[in-house]
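This structure is in structure tokens; I'll ask about it shortly.
Naming follows writing order (A, B, C and D), and every chain is counted from residue 1.
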Amino acid sequence: MKKIAKDKLSLLWKKIAENYQLFLPITEGKVVNFSIWEEGAEVDLNTLRTVNSPKNIIFPQTETYLKFKKEGKKLNLEVVANKGEYVVFGVRSCDVASFKLLDNVFLDEPIDKFYEESRKKGLIISQACLNPQETCFCNSFGINPELAPEGADISTWELGDLLFWEAQSEKGKNLTEALGDILEEVIEDEQEKLNQLKTGIKDRLKDLPLAQINPETIGGDLKEIFDSEIWDELHRRCLGCGMCTYVCPTCHCYDVKDYDGNKGGERFRCWDSCMFSDFTMMAHGNPRTTQKERVRQRFMHKLVYYTNNYKSYACVGCGRCTEKCPVSLDIVKVIKKLGGERNEL
Amino acid sequence: MSCNCHDDPLVPVIAVVDRIREDTADIKTFQVKKPKEGLPFTFKPGQCAMLSVPPVGEAIFSITSSPTQQNFLEFSIKNVGKVTDCLHQVEEGTEIGIRGPYGNNFPVEEFKGKDLLFIGGGIGLAPLRSVINYTLDNRNDYGKIDIVYGARSPKDFVHSNDLYHNWVQAEGTDVHLTIDKEFEDWKGNVGFVPQYIEELNFSCDKVALVCGPPIMIKFVLEVLEKLGFDQKQIYTTLELKMKCGIGKCGRCNIGDKYVCKDGPVFRCDELGKLPDEY
Amino acid sequence: MEKIREEIKEKARQALASKEVDVILAWEKGELWYDSYPAFFTKEKDIDSLVWDSFCVNNLSKYLLEYTMTDKKIGVFVKGCDALAFNQLVQDNRVSRDKVVLYGLPCSGMVDPDKVRTKNLNQGLTEIKKSKDKLIFITKDKEITVPAHEVYYDKCLHCRYPNPVTYDQLVGETVAAEGVLDDSVRFSGVKELEELSCEERFEYWDGQFSKCIRCFACRNVCPACSCKQCTFDDSDLEVLGKAREDSEDKFFHLIRAYHVAGRCIDCGECSRVCPQDISLEKLNRKLIKDINELYGEYQAGLDPSAKAPLGTYKLEDADSFTVGEKGGKKREKNSKR
Amino acid sequence: MSVVASSTSVKNVEEFEPLIVAFCCNWCSYAGADLAGTSRLNYPANIKIIRVPCSCRVNSNFVLRAFQRGADGVIVAGCHPGDCHYMTGNYYTRRRFSLLKNLLEYVGIEEARFKVDWISASEGNKFAYVMNDVLEKVHKLGPNRKLRDSRWKR
């Protein structure tokens, strides 16, 4: 395990940015988001949760993948793929876990090559959460924010003025070596302190207000939950905006569109939201005519459909929807209504 | 690190619209092949392909030709939306993009030795035709074939050459046509497909393959049940809005099944297990 | 507030019991301290969970749109801004006044959870009490008293109509319109921008708009955005492309603001819900300011029988584009350009 | 021969040719354009006229879309207030585009890129003047980069 003094971090950023595109949680106005680091950027490693999840780095909101040109009856197609190598620093355990959930979909056969490429070129550096917030419930989905999350190439912990650094993968080891003496070896005493820190975080998790959420106790099979009457009530306050789906680290539905750029054009895919009325609209009609069906689709997908297909819930308990939904129609409420609560707590 | 993004399932290959036939006022059948010759890919009856007409977009269509037709793919397309409208304006010799094949197929291997009942309405004949031609090209593998087809009027019959000639002349094959409303010079049956099936009173030892407008499918299934068909004997093929064709973009799901990947062909007992949202 | 809450519940119970209304639109409490969300009550017994506290920021008038096609009679609780919104919906012919029973709730402001978090007042919070213009944050072992305006939403600090402008019954006592700001303060943000150079203004707005993730929350929460189908949702026409592209972002925001010009009640809900903190109020207020300057003072939602500024005209109207001609009135150009 | 040489060098590919889209009311401004034409008044070919039944037919979307897809300047021209063929159309135009004009300036679009003016059927001169004026100003400003879609190719 290595360490670095926090006041030397900008040296570290600089060094990494020499060879990679470096994404960091950066403050802009009141909002913190992962953006490309440049000298002088206002890095914020304290905010637990960026507004946008880092999924937009590995699965961009808009991704052009094809350029086309028509000449008479001839059609020319050209594949666009120009992603460079990048590093994302400061990804929290919940967001790291969300990458695995996206992998399940995109790396399932037939493999999404653009996504695969994007994953290959990325190096994920996680950051443990010292102080989980009241809206956090990652623990309910089996995520331990104090540990090195599976899927991170390097994991870090903050302790006082220090940042601890541990490579988790081959990629991570290579970067760690390349950084050379910017990083120092951890001494035994500090290792002990780190262990205490981890235990401290674990204790704090139990006291969080949403700690009792437990999707495992949701009862009923697919059709029973589908036909449940909770949807009749729940959907009514939904405004039909797409905020929950766009800030969600696990939502991955997309649309494919063409842009006519006069002389030639391009095809891109972009995030889409099952909350939007035109999501399933076809020439002959729409199978989901009201917001009830749309709201149901979103939560059924997260808690039932995805689980049936990939043996895992499509939620990581990051709390973004809990905090951001303008009318508090978040997954916590749905899980609770479906009976997903631990009784003993 | 080499990028193999050009192999991505979302990337279409170039194909050429070789010939176009006007079936009805709003349906055209397109023969599509590789720019030189041959099929862009191999497929099985009932599968779909995504056709691209940049800069308008992509849409998914069922392949209406049989895999036994090795020279071209055929698509029968009704002009209903943006992409289909653009396709209808395409001229012969125009290059388009194609990717596929997508979805599952009608289990033609399992059908071997059985009598088959095809029930189609309107443009719903498109996916069935692939199976019909496939079974007729492998005639000895299958038993009696009945084809029930209905449309608004004789003018709305797609593949009328098949309906009036090829299939009628095929051995052990009966074609039963019906139209919705009286039409001049029409000597055949008048009435909706479900009633006609009831009148024809088919024995329930067949496999039924149904495709047509949702409302027709609904009533046909009721009639078939009445005639004694088991749900496991009935197959249908569905369509919902699709974008990726590979079960990732997340909009064509019925419950946990994706029509583009786990469908479009569903056996009715499987369909019964899914939520009613299609 | 606690006293009024009981009064509200009583009103709601009575209204449902007497069948004066079929449904009551109010708020309910979730699991967290700030979590008061819109709720729909049809049964008397459910009224127990009705809540009225410093977090009932959601405007319930917008939900009336859903009921326009039914013959249900609806009781709805409205704050000052919500009442303006209600009037606007009536003016736009989207809600019929006679189907609705309005219960007015004077409101001195709603608390911004973010401001509470910034002040670290949410640690171990068990209860929040309100006493006049102070808020008391109670934890297990201590009480912290904070002047209310320190934690109110920005939009509430600029509130001009804390008391509902229309209602059938008023619950509680009207509040003094203190903290109400005159136009010079209300439009100060707009004026600051107007004084910048063209390039500086562009840089500012480019930065704002490019943050947009196109979640449409600003539109969907807006009581003036009451179209059955929004032009942006027409996927066939593709008025708005789906790509995150700077020009599309600008297109969306300019058209959104422009579509509510003259109908925007300045409730600030769009800025509140924006996850990316885009200064939408500065766009809306620019249009309000221009309407006021060019065509006379107008407050949307004040009078449902008034003509919308962009739906009417006067022969002698001014414009902003001809110079020196009849009726021409040109805004002074800033010197920096 | 040096004259020829310099004139070819001026005409290099980089030279900016502004594209102006002018929405002209059918009854006045479009007729004004006709008159300008028949009077052999010069106005540049870079002005693409789109005929609309009334200036109030022009939606704010149209203006922004023109800017998105290639226009460097946009003109909306209608009958003088009081002269509308449909009696009141241009009174609405006046209010709407007063606001849009200010709004565009407010978000940092150069004032000269969007012009609204009244041009009657008899004002061939004014038509030519307005067109030339906008073109000249836009030429000075250079290509519209602020509102153009980055994917659009001229």
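Basically, a contact is a pair of C-beta atoms (placed from the backbone, for glycine too) under 8 Å apart; a residue touches a chain by one contact, two chains touch by 3 or more.
As the structure is a prediction and not an experimental result, all values here were calculated from the model.
Interface comparison, A-B versus A-C: the pair with the greater number of contacting C-beta pairs is A-B. Note: centroid distance chain A to chain B, computed from Cα atoms, is 40 Å. The distance from the centre of chain B to the centre of chain C, each centre being the mean of the chain's C-alpha atoms, comes to 51 Å. Our note on geometry: chain A versus chain C, Cα centroid distance of 31 Å, whole angstroms. Once the centre of each chain is set as its mean CA position, chain A and chain D turn out to be 47 Å apart.
In chain C, 243, 245 are the positions where the chain touches two or more neighbouring chains simultaneously. Residue positions 255, 257, 259, 261, 265, 272, 281 of chain A each touch two or more of the other chains.
Along chain D, residues 149, 151 each make contact with two or more other chains. By the definition of touch given earlier, these chain pairs are in contact: A-B, A-C, A-D, C-D.
Here chain C touches chain A in the complex through residues 30-32, 35-40, 58, 62-63, 66, 114, 122, 207, 211, 213-217, 219-221, 229, 233-235, 241-245, 272-273, 275-277, going by the rule given at the top. Residue ranges of chain D in contact with chain C, taken from their complex: 60-61, 64-65, 67-68, 81-82, 88, 91-92, 94-111, 115-118, 146-151. Residue ranges of chain A in contact with chain B, taken from their complex: 65-66, 68, 70, 73-75, 77, 79, 81, 105-106, 108, 110-114, 117, 120-121, 222-223, 226-227, 252-261, 265, 267, 269, 272, 274, 279-284, 287-288, 293, 297, 300-301, 304-306, 308-309. Listed in rising order, the residues of chain B touching chain A in the complex are 1, 3-12, 14, 52, 54-58, 80-81, 84, 91, 93-97, 213, 239-241, 243-244, 246-253, 255-256, 273, 275, 277-278. Interface of chain A with chain D (complex): residues 259, 261-266.
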